[in-house]
Structures are given as structure tokens and as C-alpha cells.
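The next part holds the structures, each set out as C-alpha cells.
Below are two complexes that have chain A in common, paired first with chain B and then with chain C.
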Partner chain A sequence: MYTYLGRRLLSGFITLLGVVVVVFFMSRLTGSPIDLFFPEGAEPAQIDAFNKAYGLDKPLAQQFGIFLLNVGQGDFGTSIWQQRPAMEAALSEMPMTLLLAAIAMTISILVALILGSLAAVYRFRAVDRTITILSLMTSSMPHFWFALVGILIFAVQLRVLPTSGSNSWLSWILPIATVSIGPIGVLTQVVRGAMIDVLSSGYVRNARARGFSARRVVYRHALRNAALPIISVAGDIAAGMVNGAVIVSVVFAFPGIGRLIVGAILNRDYPVLEASVVVVGVSIILLNLLIDIICSIVDPRIRLN
Partner chain B sequence: MVLQSTPIVASSRITRWRASPKWQMFTSSPLAVASTAWLIFVVVLAFVVAPLVVDQANHQTIAMRFYAPFRLDKGFEFFLGADSLGRPIMLQLIVGARTSVLIAIFAVSISAATGYAVGVVSGYFGGWVDNILLRLADIIHTVPSLLMALVVLFILQPSIFNLIIVLGITRIPVYLRTSRTQTMEVRERMFVEVSKAIGASNWRIITRDIAPLVFPTIRTLAMLEVSAVILSAASLTFLGIGLQRPDVDWGMMVSDGRAYLKSAWFVAVFPGIVIVLTALSANILSNWLRAVEDPAQSTLFFRAKKKKGAAEE
Partner chain C sequence: MRGFISSMITVASVATMTTALPAWAATSDKAITVVLAVELDSLDPCDTQPAQNANVVRGNVFESLTHVSPTSGKIEPLLAESWKQTSDKEWEFKLKKGVKFHDGTDFNAAAAAANIMRTQGGPNYAGIACLNSGQIPDPVKAEAVDDLTLKVMTSVVDPILPLRLSYVDIGDLASQSKPAKVLNPVGTGPYRFVSRKQGDAVKLTRFDRYWGGAPQIKDVTYIVRKEATVRASMVETGEAQIALSIQAQDATDDDRTVTFKDNRIFVMRPMTFKEPFKDPRVRQALSYAVDRDTIVPAILGVTGAPYYQMLGPQVNAYIPDYDEKSAMKYDPAKAKELIAAAKADGHPVDTPFDIITRPDILPDGGELVQAIAQNLKEIGLNVNIRSMENTAWREFLRQPFPPEQPPTLQMISHDNTSGDASFSFPKYITCKGINSAICNPEIDKLIAEAEVASGEKRAELYRKAAGILYQQAGFIGIAEQIRLIMLGEGVEYKANPLSGLEIKIADVRLKD
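Showing the complex of A and B:
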């Protein structure tokens, strides 16, 4: 177990290094913040001072070296746009996104388990067909459009939910629905597929032959064995929730890392962009590690690979 | 009925060499037929109708601002209403279809072809090149796709071409991982061993023995990715990144309508419906392909059909 864990940790660390390198060069390519912060024909001395203050006057390779050194110490520099440490800005926005993702993930997994198992048990019948079509539909719906239609129906027409913000629990409903609608569809499909595989296997037939109730067979014997593909897809989906968080921050003005990233791109705020992508990257790498550990507990054969 | 359908079930294991059973499976699934019809309809609109109406679509008539839909008194092109600048929404949708279809076709082809080829070769040879490629795919995979595209498109000029390149590259890992994993599995099988024993070159083994076996998975995946790419492209243009007027696509139209949600709902709603229908069709087709490709599932599927048919008689 520990060698397996060590190997996963090492490979996660290498991936993280790669992300840091990619992030640095990508953000340096987005153009210079000079154009954004100074009017045309600004004092050259002023621009020089700005460049010096943020280390933009040095050659790219040297900037990269300094960047790596600082990142090693957890220092991403000061935000050009918000005048506070970039890492602090990223870390202060992260809990909101994590909370949103955690709630959305819990809802998606629960709904998908129920619907997917139903579809698998009643496969190729009306229940299955309805669930399959519905799940295909929700996974074909663009986040942003679902959010707008939600606003249109519940905020503009019925006036029961607010259009934006995060003050009351009511304002969480639409963002959570927006982020979970796609995952529900995709996960339901996966649960259905995995359950169909498992239900037609020998040990399920054996359990039935021993006279266990259908409910017990589905929940105790089948679901546990179908868990592996479901867990690994759920991990991918949880990682992709950042995409939903970006849309939610734009449509609902919902706080979180999405809002910070969009703002950082529009303001050419390198330090914040780098810090937030690295924070997102670390979260996803940790998540993948967690998923690997769970999978190896569910199916110990994986550790031997 | 029962007598007729028995041979279909029996032959479903050897469908690979016979066209007709597959065709029969296709026509017996109304959803698959409807999805194909819709996709063909969109492609025809995009490449045949769109060039004819592009001028009319971008013609602004301020008097027609927010003209409500489902009325024919101003002509057929205003049947779905007009947007904030008095452009007919129906024609805008048709011109937008061209952008979305172009992006979907080219981005998916680029990523599928690259991922398939690189995945098979790297899975076959293994070694340090394979390790580096896998690591690269991991890195691309770790940065969420929308974020990656957002950053890259912010640097590049907004254009359909750049959208295609960005979406094409960011989706490569999906295919690379799949084809690599499957290649590693196929590589160990007996017939590859046999090919090696009779002196086939690596190139021959890859192209004749391995690639054809990996292809069906890639095809199904690509169909699924059509829907994913359409959704990603629309998300990007909705965020105002990647495309600029006079180019238009469905995501941009939704974004245009967002400000007028209260007064003119249809400006944002119609393009969304078209996105959902198109992505859904691709999804349904991919689902159907998977059911047909997988012998275990397809036997089950058609046995169930047969039972149902027998019950109805």
C-alpha cells in the first residue's frame, strides 16, 4: 500500500511541476499588463518603474527562474489588480468553490445512483428508456443556457429565486443546479452501464439463487462491485466542475475561484492567474490521489499493477 | 416475425462483415434515425443554406428590434423573431450553424486523428517516449479544459480557426489515453504474437493488427466528443472569447440575448434549444454506436427487442 501511495504521490508531484511550467509560459503569452494599466503615451519612467516592481524588466528565462524559486516558497507575488498576495487571493476564493463542488457532487452521485440502478434493473423497458433519454438530455445541456433558463423561469417569471449573489441559501439553488445538471446525466449513464455489467454476472445470479431479496442483491452485492468505474468517472467529473464554476461566476456573479480567474484574465493579472490555476491544479491532483486510494481499497488488485 | 428476426440475432456476432444487419439495427431505432436526420439537416443548413442567407442574416433593421417570434406578417425569416439589432434570429441561427459545424468537424478530426495515431504508436512501443506523452496528457488533463482554452484564446486573435486549434489540442488526451490503454491490451494477444513470429514489421502490426481493433472505440468516442466540443465552443463564445462579429455562433447568440432576458426571452432561448438538440443528437448516436459495437450489449439489446416484438404479436 505505501509503495503504491508513494508512487502516486511522486507522479502527482511531477504533474504539478508540469502545470507550474505550463502556467508560467501561458500567462506570459497573454500580452503585457502595461497596455492595460497605462494610457497610451505614458511616461517611460513610470512604465520602467512598474516593470521593475513586478520583475517584468528581466529576460524571460530569468523571470522563470525567479518564479520557480518563489513558487517553491509558496510565494506567487503580489496581485497587480487587487494589491494583495496572489496566493492569498486564490486561497480566499477556493473554499466557496470547494463547497459548491462538494454539494453538487453529492447531489449528482445520489441522483445518479438511484436513477442509474433503476434503469439497469428495468433495462430496455419504459423506465430505462425514459431515464436514458433524460440523462442524455441533461448531459447535452450547456451550463450557461441552463443557468439563463433557470433565471428566466424562477427569477423573472415566478420570482421565487434571486438572480445573483450568494447571501441567502435560496441564491445557492440555481448555481448548484447549474453545476450538477451535466454530471447527473453523465453519471447516470455510467451507473447504468456498470450495473448492467454486474447484474448479469455470476455472483449476482448466485446471490439471487440463495434467496436474497432483490433490494439486498442490488444494494449489497451489485452496487459495491459496480463502484469502481463510477468512482473513477466521478473523479473526472469533480475535476471538471471548475468549468461549471467559471460559468456560474459569470452568470450569477457567484463568488469563487471562477470569478477570480475570469477577472485575472481580463486584467492580465499574472500572479493571481498563476496562483489560482496552481491551486486548482493541486486540488485536482489531490482529488485524483484520493480517487486512486479509494479505488485501490475497493479493488486491491489495482495496487499490484 | 419471430422467424425473421432470429437470424438477425444469430448474425449479430458477425455483423462486421455484413452491412445489412447493421442497417436493420439502425432503422429499427427511431431515435438513432431522428438524430441522424437532425445532424444531416444542420450540416445542410450550415454548408448549403448559410452562404445564401449570410447577408440577409447580418442585415440590421432597427425598426424590427425584438420582433416577437411565431408571426409570419414580416416574412418567413422573422418567424423566430429578431434580436437587439433587428437581425432575423432564424437566419442568424443558420449562419451560426456553419461556425458550430465547422468547429465540431475539424476540432474533433484533429484531436481524434492525433490522439488515435499517437496513442496506438506510443502504447505499442512503450518506453520513455510513452511515459513522457502520458505525463503531458496528464498535465493537459489536470488543467480544466475550459480554463486552458480561456487562457490560450485570450492570447490568440478571435477567429474560427483559432477556436478549432485550441479545442482540437485540448481534447487530444481523451483519445490518447483510450487508444493507448486499448493498444496495450491488444498488444499482448496471441495474433500479434503470431504476426511477430512470421516476421511482420512493427509498422505492419500496428496498421494491420492493432489500429483496426482500436478504431471502433475511437469512432464512438469521437461521436461523443462532437457533443462535448459543441458545448465547449459555445461556452467559450458565450464568455465572449474566441469569436468576433460578423462571425457568429450559437453560444454568442445566447450571450447577446442574456442582457434582454426580461424583455425578450426568445433571443437567448432559441439558440440554446438548437445547441441542446444538436449535442443531444450526437450523444444519442454515440450511445447507439456503443450498443451496436459491443457484442454483449447488442445481443441483449436485440434479444429484448425480439421479446417485446413477440409479446406484441
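Showing the complex of A and C:
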């Protein structure tokens, strides 16, 4: 087990190194902060002072070397936009994103397990067809569109939810729904497929022959064996929830790392952009590690291979 | 040269102009929320030029010595009581008595002088780059003669100095002495700064010792929602009382949606230094190719009207009879003829070029640009649309233009609320202008002459320059933009041509 974990950690570290290199050069491609923070025809002395303050006066290779040394110590520099340590800015926004993603993921998995199992048990019947159509609709629905329609229906017409912000628990409902709607559709399809496979297997037939109730067969025998593909896909979806977080930050002005990343790009704030992407990268690597561990517990054959 | 200022900017009123509400209604404990489209990026008094900053602080937290009247377009006193030109390059301003900063200190000539000097940058302020500095292109020196008398010396003859000083917002002296950006602004306006949480909200509260009398509304919260539909929805649901930058499809049919024109024109700027735009005939063909009368009303609806010049009707370079007499209106046959003639003379008219635009250039701007591109393709031009965000777009706007950069047709939404073309032409159409993609010595000469002239003579020189510019198709007007603000139930606000820059909360009234 420890060897397996060690291998996964090493591959996670290599991935993180790749993220650090890519984010450094990609952030430079967004353009220069000079164009944003300086008036037309600004004096060269002022621009020089700015470049010097943020280390932008050095050749790119040297900037990269200094960046790597500092990142090794957890120092991403000072935010150009917010005038505070970049890592502090990223870490302060991450908990909201993680909480949003955790709630959305939990809801997505629970709803998908129920709907997917129902569809598998009642395969090719009206329930299955309805669930399949609905899950295809939700998985192909653009987040952005869903968010705006949600506002118009629940905030403007029905007046039961706020349009945006994060001032009350009610303001969490539309962002969570926006982030979970797609994953519910995808996971329902995965659960359905996995359950259909498992329900037609020999040990399930055997369980039925022994007279176990349908509920016990589905939830104790079938679902556990169908869990592996569901966990794998859920892991991928959880990692992709950062995209959803960006959309909810734009539409609902919901706090979190998405809003910070968008702001950092628009403000050419390299330090915050780098720190935020690395924090997200670390979160996703840890999440994948967690999923690998769960998968290896559910199916011990995985670590042997 | 003296005594001309009051008559210099004779700007015609437009239909949207209305008289201001009685500003000082009885005070109340009421609060409002204003929802903006773009977050402010600086609270410094020397960064109030960009609209996102001005929307919050100009006229609310900060005031300037002079200001442009939104109703008459003339320069009026604000923190200055009067002024006179004592010699060609020297001015004297008498300041208002009894004005207090929000921290209780007195506003005086030393504070005004410090702000004027700091706004221009220079060696004492090397660490800061004031975004307002572009409004004072030639250095001036300011010094206090006594507490209420300010002397300003210009380095060139500048007949519109009082107008330029309307762009110098005044912060307290203590903050101005620091070579760092102001984070906790202290001004003289009717509202004082309370707090700012980046990415979330800016809060102001009424300044009860305001020299002009305390306004009605007590607390103001500014929040940002990037989506126009969300902004409009917030007003519908009562979560906000004022929403800026509303799109036509979200507008209401009643008086809760107010419109205003702020001399903002949607224009095309061809890169005249590169093919296929080196030949003026190709540039003229651009203008003849665009079917403004069809595409502008169809796409922009109430938020735009066809337009042919670069500057709005309130600016002194506006040519009143241009549309009837000289405008290059939709005529695709003529456009094709011009292209063919240029081609016959050896110009590579089929050189591909990029239309440079950005998603937020104006509401529904993406669709409008696509329609323009289609019009240009129909006359045989090789067009490619490149939509990018603001900073990348600005890199294409500004000189120097790298040789490897492809030929461009830059889409620009240009406003000039000052009424004077000197805030547009030197930057946009002279050979050395930072945003200029045209170089015509005749235009440069006229603009140089206009800079030191005043009144009708100044306007005439600018109009001549504009005439050459349009004939050369250096800038091609497409649409005059009409902007929308949405008000909540019980909110009264009369929009004016300055509303795109400053929404004075003191002018907003809540019904009982």
C-alpha cells in the first residue's frame, strides 16, 4: 500500500511541477500589466520603477529561475492588483470553492445514485426512459444558460431566491444547482450503465435466487460492485468543478477561487494567477490521490497492477 | 486670450439633457445599492478618469476645482469660486471658503496645488502612475499664493486649462504627499469612504458637513455583477436600486429605464500605414460598405443610432451638415468601384486584415461587428474577426505598431464628455498620437493651431481637421451609442450626458 501511495505521490509531484512551469509562461502570455496600470504616454521612469518592483525588468529565464526558487519556499510574491501576498489571496478564496464543490458533488452523487439505480432496475420502461432523457438534457445544458434562466425564474418571477451574492444560505442554492446540474446528468448515465452490467451478473442472480429483497440486492450487492466506474468518473467531474466555479463567480458574483482567477487574468496579476492555479492544481492532485486510495480499497486488485 | 472660457465651450443641449433634481432634499436614513458592470480598480483621486473608478468616487467622494455642467456643457466653478487668466501662461483661481475634507481638515490652495502636481506624476511621484495624467498633456506648475488663492503656470499657452482642471480630483493633502496610491480616500464630496472589499463591495456614507448641504440618501453600497441580465434582475427584485449598463432586451418600457447620450460613438479605425488600407479609396469603401441604417437599429435597438463622424454632437469638432452633404453612406456599388480602382492602381486590396474588437465594446457589439464584417465581405474584402479582452485589444490600439502585426480595422467606442476635441484628436489622429493609425501633416498643423486658439476659431480649426479626417476615412463612424440605466421602484434620477462617468448619489432621490 505504501509503495502504491509513494508512486502516486511522485506522479502527483511531477504533475505539479508541470503545472508550475506552464502557469508561469501562460500567465505572461496574457499581456503586460503596464498597459493596464499606466496611462497612455506614461513616463519611462515610472514604468521602470514598476517593472523593478515586481521583478519584471529581468530576462524571462531569470524571472523563471527566481520564481521557481520562491515557489519552493511557498512565496508567490505580492499581488499587483490587491497589494497583499499572492498565496494569502489564493488560500483565502479556496475554502468557499471547496465547500461549494463538496456540497455540489455530494448532491450530484446522491441524486445520480438514486436516479441511475432506478433507471437500471426499471430498464427500458417509462421510468428509465424519462430518467435517461432528463439526464441527457441536464448533462448537455450549458451552465451559463442554466444560471441565467434560474435567476429569471426563481429570483425575478417567483421571488423565492436572491439573484446573486453570498449573503444568506438562500444565495447558495442557485450556484450549487448550476454547478451540480451537469454532473447529475453524467453520473446518472454512468450509474445506470454500471448497474445494468452488475445486475445481469451471476452473483446478483444468485442473490436473487437466495430470496434477498430487491432493495438489498441493489444496494448491498450490486451498487458496491458498480462503484468503481462511478468513483472514477465522479473524481474527474469534481476536478472539473473549478470550471463551474468560474461560471458561478461571473454570473452570481459568488466568492471563490474562480472569481480570483478571473480577476487575476483581467488585472494581469501574475503572482495571484500563479498562486491560484497552483493551489487548484494541488487540490486536484490530492483529490485524485484520494480517489485512487478509495478505488484501491473498493477493489484491492488495483494496487497490485 | 482672456475672458473667453465662459463662451468657449458652447455645447448644444441634446434632447436627453434634463435639469437636475433638487439635490438637497431632506436627509433620511435610507440606503441604496448601485450595481455596476465593472469593478473599480483604484480609489485614488488621480485615477478617476476610467469610468469604473469615476462611477463610484467622482462627484461623490472627490470633487475638482471646476466641472463641466451636464446641462449647458460649460465650465462651472466647483471647489474654485472663480478664476482669471493673469497672463498667457498664468492663471489665478480663487477657492471656495468653508470646504472641509472628510477628516475635518480644511480644503485650501496648498491641497489643490499638491493634487495638481501629483496628478502629473514627475520625480516626486515616480512610484505612481496617475491615470488622469493624460488630461494634462503639457506640464503645469501649481502653487498656493494664500489659503484661498491658487496660481497655476502652464508650459504652453493653454486656453482650456479650467476645463483640464475638471479632471483633477482633489484628495486631502496628507494622502497627496505620499508617493503611493491612495487606498483610504479622503475627499470633499457629499459622501465619505467607509470600506472596500475587493471583488465584493465599496461602501460610502453621507458626509454631514458637506459644504453644499447633506444629501438625502445616507448609505451607498456599490456591487459588481458582470452579467447585464443579473444587474437588471437585481433592480427588478429590489436587491439593488440603480443598475448601470443595461442592455436593450432587459430594459423596461416605463420610466424606470432612463436613457442618456454621452457623446460615445462606435467607430472603426483602419490602420492606414499598412495594406490594404494605404489607399484612401479602400478606406472610403469601408464606409460605403456598411449598411448602418439597417444593422444599427436591428441590432442595437434603442441603444444606438446610425452615425458617420468620430465625435459626438456636443464636441466642438462636430460638423453639423456633414451627414447631409458629405457622409459616405451605404452604397455597395460605389464601394466596389473604389476597391476596383485601387486594385487597378496596384494596391493589394485582397490583403487579409483583422477586425480587432472586444466582447464588452458595447452592448450587443459582437453581433454588430459580425454584421459589419459581412458587409465588408460583400464588397470583396478579406476580413477576419478577432475578439479579445480589453488589455489585449489595447495593445492593438496603441503605437508603436510592430511590423509583424497584421493590418487591422480597430473597433473603438470613443467618448468625449469634455466638449473639446483636444481630449480626442491629439491622441487619436495626429502623427505622434499614441492611439493614432493615421499621419497627415495637414491635420497635425490644424490641430497644433487649434490647441492655442479659443472659442469659435478653435472649433473651426478642429472642424477643418475633422473634415480632412473623414474625407480620408481615417476614422469611420458607425453608431451613436445611447446608454441605459435602470432604476428601482421609488427611485428618481435624471440621467445626463455625464451619467456614464459619474452618478452623483446626491442627485438621486428616493420617494417616501
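Rule of thumb we're sticking to: the second predicted complex is superposed on the first by the 305 of 305 C-alpha atoms of A that agree within 3 Å, B and C clash if a C-alpha of one lies under 4 Å from a C-alpha of the other, contacts with A are read in each partner's own complex, and residues count from 1 in each chain.
Convention: a residue touches a chain if its C-beta (ideal position, glycine included) is under 8 Å from a C-beta of that chain, and two chains touch if they have at least 3 such contacts.
Quick caveat, the model's predicted, so the values are computed rather than measured.
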Since both structures carry chain A, what do chain B and chain C do when superposed there: clash or fit?
-> clash
Pick one for A:18: touches chain B only (first), chain C only (second), both, or neither.
-> first
Between chain B (first) and chain C (second), which, if any, makes contact with A:165: first, second, both or neither?
-> second
Would you check which partner chain A:285 touches, where first means chain B only, second means chain C only, and both and neither mean what they say?
-> first
Could you tell me if A:235 is touching chain B, chain C, both of them or neither one (first, second, both, neither)?
-> neither
Between chain B (first) and chain C (second), which, if any, makes contact with A:150: first, second, both or neither?
-> neither
Classify the contacts of A:85 with the two partner chains as first (chain B alone), second (chain C alone), both, or neither.
-> neither
Applying the touch criterion given at the start, work out whether A:263 contacts chain B, chain C, both or neither, answering first, second, both or neither.
-> second
Which of the two partners, first being chain B and second being chain C, lies in contact with A:141: first, second, both, or neither?
-> first
Could you tell me if A:77 is touching chain B, chain C, both of them or neither one (first, second, both, neither)?
-> neither
Taking the two structures together, which residues of chain A meet both chain B and chain C?
-> 30-31, 148, 151-152, 156, 250-251, 265
Give every residue of chain B touching chain A within the complex, in rising order.
-> 31, 135-136, 138-139, 142-147, 150-152, 154-155, 227, 231, 234-235, 238-239, 251, 254-255, 257-258, 261-262, 265, 268-269, 271-272, 275-276, 279-280, 282-284, 287, 297, 300-301, 304-305, 308
Quick one: which bits of chain A touch chain C in the complex? Just the residue numbers, please.
-> 30-32, 35-43, 45-47, 49-50, 53, 81-83, 148, 151-152, 155-156, 159, 162-165, 250-253, 255, 259-260, 263, 265-268
For chain C, which residues are in contact with chain A within the complex?
-> 39, 41, 49, 121-123, 126-134, 137, 183, 198-200, 223-227, 229-230, 233-234, 236-237, 239, 389-392, 394-395, 398, 427, 434-435
Which residues of chain A touch chain B in their complex?
-> 11, 14-15, 18-19, 22-23, 26-27, 29-31, 123-124, 132-133, 136-137, 139-145, 148-149, 151-152, 156, 189, 196, 200, 239-240, 242-243, 246-247, 250-251, 261-262, 265, 273, 277, 280-281, 284-285, 288
